[in-house]
C-alpha cells in the first residue's frame, strides 16, 4: 500500500508537514471550530429532546404507543441492529488496518473508534426502550440474584447483553489506549481545567522507550482481539433472528449477512463523519481526498459483498423447500412493504456504483449525499429484516401489516440526536485525529520518499532535515 | 507472651462454655421436628387495629390453640380472621368489663364486621396456601399431632409470623420476600416450581 | 547502588540521537552503560530503539492468562448456574446446553483477554506515573530525549558527547 | 461450590434433551382434544375464558390495533374460495396456547419468565416478565398476548372489578400473557388431592372453556393418566406425542389414516399438547 | 326459617379479602411489588355457615335470565362476591353448559351503569328521589287511574312473577299486559298450535337423520340455543345426521351446515311446497287441504321464484326421502313476512308429510301449573301497545324487562305515542331508552341478587321449574327485586291476601311449601325441601303425557312482487351475543367477535360481492341503506354468505342510551322496518322490508378480528373429511 501511496499522483498527506503545525492544527479542534459545529450541536439537542419526550410518554402509557400484535418487534429492534452495525466498521477497520500496517488509517481511525463507542452506547438504549417494563431491564444482567433466579443463558437476547457489554468495554479501551500519547501532548499544550483533565487521563505518559514498547504490543494484542469480537457481536445480534423459528429469519446466512451489512453502514457513516469533521475543523491537510477515495473504494467493495450475500439469501430461500420462507420473501417483494424493500435494494446495491467513479469520489457534496443515502438504505434493510416476517409468518389468522407510530419514529430520531451529541462533544474535548501517529506517518513516508529518491539518484539528504525550520526553538 | 496465653485460655473457656450451654439447651428442647426457618428478620411497624387484640393473653396465658381461632387455616389457603360470633362465644361472659371487649360487643350488636388491618400481606401475584403448609408441618408431623397444644403449634406458625405468644397485636417480624421463601423451600424440600407460588 | 545525577539531553535530530546512543553503547564514556539509558521520544520509533538493544516485553502473558480465565471461568459459572436453576426453560433442550454456553464463553474469553491486557500494559509501562521534573513539552512536540542516571564524574564526558551530536538542550538534576 | 458439585454429579442427566426424555419427570401432562366436528364456533369458550382469567376488554380502537387479549380465539376460515357461496359453511378453529412440549417460546425468554413446568405446561410468570416479547415472536401459533397498555382502570371500571377472579392476578402493562389451561383450577385440584393424599382424578375439574362448551367439543385431561378421557381419545385417533424411541413426533404415522386426529403445525416439531379432530362435512353432488 | 335466614343474610354481608382480585402483577412502579402491612382491610365474618370458608368458592344454583330460555346456572361465590357463572348440570335445558350471553350475565350484575336509586322526572330531567316519595307517587297515580287505562309492558315473564303480575293487573281491573319480545318463534307458535295442537312441541334432534332448517338458527338465536347445541352434539355424533340450511343470510347454524342454500327472502314457503311437490310425485301422501297449494309449485316454477335451482330442490327432497325420520324447522326468515303464517304452515306441512310428527316432533306434555307457564312476548303486543298509546287509551304504563322504545320501528312512532301516556314507570336495571322516556324509574336488583322461579316456554323432557336465588347481597341497598316490587304494588292496591308475606322470598317459600306432596318425596320437612330445591336449582314437574294431532289448514302463498324503487331485501339478522340489543351494554359480548363475520363493537351490512360490485361498493365503504321508513348509514362487509338480493344488518347496536358500552355505537336496524304485518297473527314481519343502497363515498375500516386472512393458506389448520369416512371410522 505504501508503494501505491508513493507512486500515485498526490500523496495521502503532505510529507513536509511541520510537526508543530500538526499539534496546533489538531489541538485547534479543542477550542475554535466553524460555526457549523454549533449548529449541529443545536440540531442534535432538539432531536434528543423530541426523542426523550416521546420516551417519557411511552414509559407512562405503555408500549401500545409504538407496536401492535403480531408485530411484537418493530422499529426499535430494527434501529438497534442499525446502530450495532454502525458501530462495526470503526473498530474493525481500525484494527484490521492497524494489523496490516495500512498507515492511511492514522488520520481517521480516532473518530471512527469514537463513532463505534457512541453508536454502541446508542444501540444499548434500544433493547431497553423496547422492553415492556424497562424499569426491570437489569433482570437480564447476570448479577448474583437474591431470588435464586438467573437470566436465561440460552436466550439470544441475553447473549446480546454479554456481547455488547464486551464489545463496548473493549472498543472503549482500544480507543482510550490509542489516545494516551495524544492526551500527553494535549496535557503539554493546554492550561487550566483541561490540563488537569488531560494530565489525569494521560496517566503521566512521557513516552519513554519502555512505555512505547509495551504500548505497541498491548495495542496490537487488543487489535487482534477486536476483530473476532466485532464479528462475533454482530453474529450474535443476527442470532436473535436466526435462532428463532420464524420464516425469513431462520436463515443460516444471517451472521455473515449481518456482518457485511454492518461494515457497509459503518463505512458509509465514516465517510459522512469524515466530511463533517474535515469541514468543522478545517482539516483539509489531514483528511485529504486520497484518503477519502480509499474509504470510498473500501465501501464499494463491501457494498458488492453485501449485495452478493443478499442475493445468496434470496436464492437459498427461493430454491429451498421452506414454503413459509418463500411466502415471506414474496411478500417482501410484492406486499405492503415492497416500496421500502425496493428502495433498500436501490440504495444498497445500485447507489454504491457512484463510488466507482473517481470524479464523484472526489466531489465532497456528492459523497456526503451518497454516504447518507447508503445509511438510509442500510436502515431500511434492518427494517425489512424485522417487519415483513412478523407481518406474515406461520399463522395466517394473525397476519397483519403495521406502520410505526409517531412515538416510535420520534424515539428513533432522538437516538440520532443522542449519538450526534455524544460524538460532537467528544471531538470537541479530545483530539479526534491521532497527532503522534500522523507524525509517524509523515516521518516514515518522508524517509520512504527520500529512500526512493536516493534510489533514483542524488545523495540522500541528512536525517532530520525536515525540522530545520523549527530549530530556532 | 503472657497475655497471649491468657487470651488463648479465655477463648477456650468461652468456646467450651458455649458448647456445653448449647448442648444443654438442645437436650431441653422438645423432640418435635420443626421447619428449618430461613435466616433473616424484619422489623415491622406496629399496625393500628380497631381492637388491640392481645395474642399473648390468649395463647400464653389462656393456652388457646392458634388453630382454634384461625380455624380456616387447615382447610383453606387463608388462615382467616375468626368470625365475630366465635369471639362472642366466649366474651358474652368472659371479661365483659374490659374496654376492648365492650368495643367488640358494640360491633357485634351493630352487626358490623370488624375492619381488621392486614399485617402479613404477601403481594397479590403470590399464591400462598396455609392449608398445605399446616398439613406438612403440623398434621403430617406425627409426634406433634400426638401432643397438639398451643406450645407445640406456635413454633410452626412462628416460622413465618414470629412467636405470637410474645406479642399483643401481631407484628411482622419476618421479611417474607421471595428470596426468603425460596430459602425455606430449599431447606424444607418445598416445591421449586415458579407456578406453585406465582399466579 | 544509587546514582547521584540525572541527565537529559534533548535532540531535534533523530539520527544524531541514535548515534549518541551507539556511542554510549560503545562505552565511549566509561562507567555509563546503555542499560542506564532511557529514550524519550514523541513517536513510536523503532529505528532509535534498536540502538538500545532488545528489552523484553511481557504483556502477552497477561493476555493469555486473561483469555483462559475468561473461557474456563465463565464455562464453569454458567453451567453451574444452569444446573442449580430453580426451573428449566427447556423448549425441549437439555438443561446445560454446551453450544449456546460456548457463545457466552467465547465473549467472556475476549473480555478477560482485553482486561488483562490493559492490566499488563499498566504494569509493564509503569503507569500511572509522573513524567518527572526533567520532562519537557518539546518531547511531546518533536524532540527526542536521552535520559541517563550517572555519577558526578561521568557528567562532563557525557555532556561533551551530547554536544558532539549537536544536542539542542541539556537538563540535569541531582537525585536525592 | 455445592452447585459445581451438583453439576458434576448430575452431569449426564443435565445433558438430556427432549429426545432422551428431557430433564423433566412429568407428574402430569395436561392436554386437550378438540373435536371440530362438534365445534359450532359459538364463542362460549372464549367468553368463559374472559370470565375465568381476568382478561381485559380493550375497546374498539385498541382492538383495531390488534391489542386484543382473548387467550382463546375462535378462528373462522372459508374453505371454498372458488364457489359463489360458501356452500359447506365455515371452518371454525378454537385456538389457544398449545402448551408445546418443545415450546419455541421457552428458550428465548431472557429472564425465564416463561418455562416448562413439571406438569408439561408452558408457564408464564407475569411478574418476572420484562416484556421483551421474544416469546410471541417465536410462537408459531401467535397465541401469546401482550399488555400494550394498563387496562385495569379502562377495562374494569367500578364495580366491574368485583368480578375479578382472586385466584390469578390482573396483568398490568408491559407483561406478556397467554392461556394457562386454567392453572388456578389445576392448582386447586392438585392441592385438594394432596390434602386427601390421592392423585388428581380425571374429570375432577376441567378448564373454563371445556366446561362451557355446549357441544362438548373440548376435552381436557391428563395425558399421563392412561385412564383419562383425553388419553383415550388420543389413543383412539392414534395420535401420540412421542414415537417408540420417546422422541417427539413431528408427523404421525397412523395405522388407520382415516382417523381424524392431528396437531396444528406439528411439522414444526413443537410437540403440542392439543389434538384436534378433523372437521366433517357431507360430500354432496 | 328465621334462623336460617339470619345466617344467610349474615353470610351475605359483603366480605373482605376481596382486594386480592384486584392485584396487579408488575405494576408500572416497582414499589407496588413491595410487601405492605396494615394497608388492606380484612373484614371478618359475623356468623357464617360452616361451609363458608374464605378463599374457597361455593357454587349456588340459580337461573339465567339473559334470554327467554331460562337455563339453569351455577354461580361461584367467594367472599360474598359472585365471580363466575356456569351451567347447572341438573338443568334438563342446558346440562351444565352456558352460552356466551349467559356467561356475560355477571357483567350485567356488576355493570357500572346500573340505576342505583329511584329517579323521578322533574322539569324534564330524571332526578334521584326517596323510596317513600316514589311509592306514594305510584300509589296515588294508580289509585286514580281507571283499570282499563293501566298497562303492564314486560318481556317474557313466567313463574311466580307471572302469577303476581297477573294478580296485580287483575287487581288494577285491567287486561292490558303487553309482553314484548322481538326475537322468538311468534308465528311458529301459532302455526304449531293450529297444526299440532301445541305451541311448543318438543324437538328430538338426535333422533333425526336429517335436519332441513329454513332459517331456523337453532344453534344461535332460535328458541333455546344452548339446549339445541347440546342436542346438536348428539345429532352430529355416531351415525351423524345431515344438516341442510336454507336461508337468505348465513346464520351460525348455516355456518355448520353440510349444505347451505341461499334463498330469496319470502319464498321459503314456496320452496317447502316445491319439495312437498316432489315428494308427492314420489308417492308421499298429502293432506287434502294442501294438495292444491302443493301441486301448484312444480320445482321449475319454484326455482325461478326462490332462486334455488330445480335440481337442488329435487336433491333436497331426495335427501329428505332417504333420511327418515327427518326434521324440518322454520325460523325467523320464514315467519318474517306478510304471509309468514302460510309459509311456516307450508314448512310444518313437510313434517307431517314425512311422518316426523310423533318421531322427531313430540308433545311436550301439558304443564301441570298453567299459571306458572311462560307468557312469551311477541311483536304483536308491541304493535298493540303502540296503538293503545297512540289512541290515548292509557294513563299509566309500567315497564319491565322490555325496551319497546328501542325495539319499535319508526312507523310505530312510539316515542311520540309515549308522550300521550301521562305516567310511565320503568322497573329497570339500566338507563335504557325506555327508562330514559319514563317519568319514574324504579331501580331493580340484578337477577343475580333476586329471588324467583321461571318456566321456559320450550320444555325438554323432564320439564321443570328453574329456581332463581340470589348469589350475593344486593350491590345497592336502594334497589328492589321485581318480585318484591310486585308484592309492594299489590299491597299498595290493598290486596289483603298478600299482606301475609313480608317479601317475595317469604312468598316463594310458602309457594314451594304448598306444592303437592309428591314433589317433596325424600325431603324431611318443608325447610329441607326448600334447601334441596335451592341446591338443585330446578324443580322437576311431571308433565301430563299428550298426543300431537296433526291437522293442516288451507295454505295459500302470494306471489312476490318485485319492487323497483327498493330492489333489495333487508335482513335484520340476529346474533348469539347482543341478541335483540338487550346485551349491548356487556363489554364481553361487545368484544366477542360475531361468529360469522368476526366484527366487534360495531354494526355492519353484509352484502354479496357480486351485488357490491354491481353497486360499486367496496369493503368498509359507509353505505346508506334506505327503506320507505328511513335510512341508516353503516359500513359494508362483503360476504359470500348472503343471497344476492339481500343486505343483512344485525340487530343489537345503535342505542341512544343504555350506558357507556352501548350508547352511540353502530345503528339500530329495527328502526327502518317497513310496516309489514303478518296477516294472520298480526306479528311484525321482520324480514319484509325492501331497501335500496347508496354509497356515501366515505369509508372507515370495520374492526374485524383476524382480518389478516380468511383462508388457511395451505396450512393444515382445519382439515375437512367426508362424513362417509367419519361414519366408517367412528359411526355407531
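Each chain gets a letter, A, B, C, D and E, in the order it is written, and its residues are counted from 1.
Please note the rule applied: a residue touches a chain if its C-beta (ideal position, glycine included) is under 8 Å from a C-beta of that chain, and two chains touch if they have at least 3 such contacts.
Predicted, not measured: the structure shown is a model, and the values here were computed from it.
S.K.: If we look at chain D and chain E, which chains touch each of them?
M.R.: Expected: A, B.
S.K.: If you average the CA coordinates per chain, which chain's centre is most distant from that of chain B?
M.R.: C
S.K.: Computing the C-alpha centre of each chain, which chain sits at the greatest distance from chain A?
M.R.: Between chain A and the rest, the longest centre separation is with E.
S.K.: Averaging the CA atoms per chain, pick out the one whose centre lands closest to the mean of every protein CA shown.
M.R.: Answer for the innermost chain: D.
S.K.: Out of B-E and A-D, which chain pair has the most contact pairs?
M.R.: Counting C-beta pairs in contact, A-D comes out ahead.
S.K.: Using Cα averages as centroids, what's the distance between chain B and chain D in whole Å?
M.R.: That pair's centroid distance is 40 Å.
S.K.: Let me have the rounded angstrom distance from the C-alpha centre of chain B over to the C-alpha centre of chain C, please.
M.R.: 65
S.K.: Using the average of all C-alpha atoms in each chain as its centre, how far is it in Å between chain A and chain B?
M.R.: Those two chain centres are 61 Å apart.
S.K.: Of all the residues in chain B, which ones touch at least 2 other chains?
M.R.: If we look for residues of chain B contacting two or more partner chains, we find 123-125, 177, 182, 193-194.
S.K.: Could you say which residues in chain E touch two or more other chains, in rising order?
M.R.: 17, 20, 22-26, 28, 33, 706, 711-712, 715, 717, in rising order.
S.K.: Which chain C residues reach two or more other chains?
M.R.: Within chain C, the residues that touch at least two other chains are 81-82, 85-87, 89, 91, 93.
S.K.: Which chain B residues qualify as touching chain D in the complex?
M.R.: 123-125, 127, 129, 131-132, 135, 193-196, 198-199
S.K.: What does chain A use to touch chain D in their complex?
M.R.: 61-64, 67-73, 127, 130-134, 136-137, 139-140, 149-152, 154-158, 161, 240, 243-246, 390, 393-395, 397-398, 400, 402
S.K.: Can you tell me which positions in chain D touch chain E when the two form their complex?
M.R.: That would be residues 36-38, 40-44, 46-48, 50-52, 54, 57-60, 63-64, 68, 70, 73-79, 81, 83-93, 126-127, 129, 150, 152, 155, 157-166, 169-175, 208, 211-217, 256, 258-260, 262, 264-265, 276, 278-285 of chain D.
S.K.: For a test of understanding, state which residues of chain A touch chain B in their complex under the given definition.
M.R.: 146-148
S.K.: Enumerate the contact residues on chain B facing chain A in the complex.
M.R.: Listed in rising order, the residues are 177-179, 182-183, 186.
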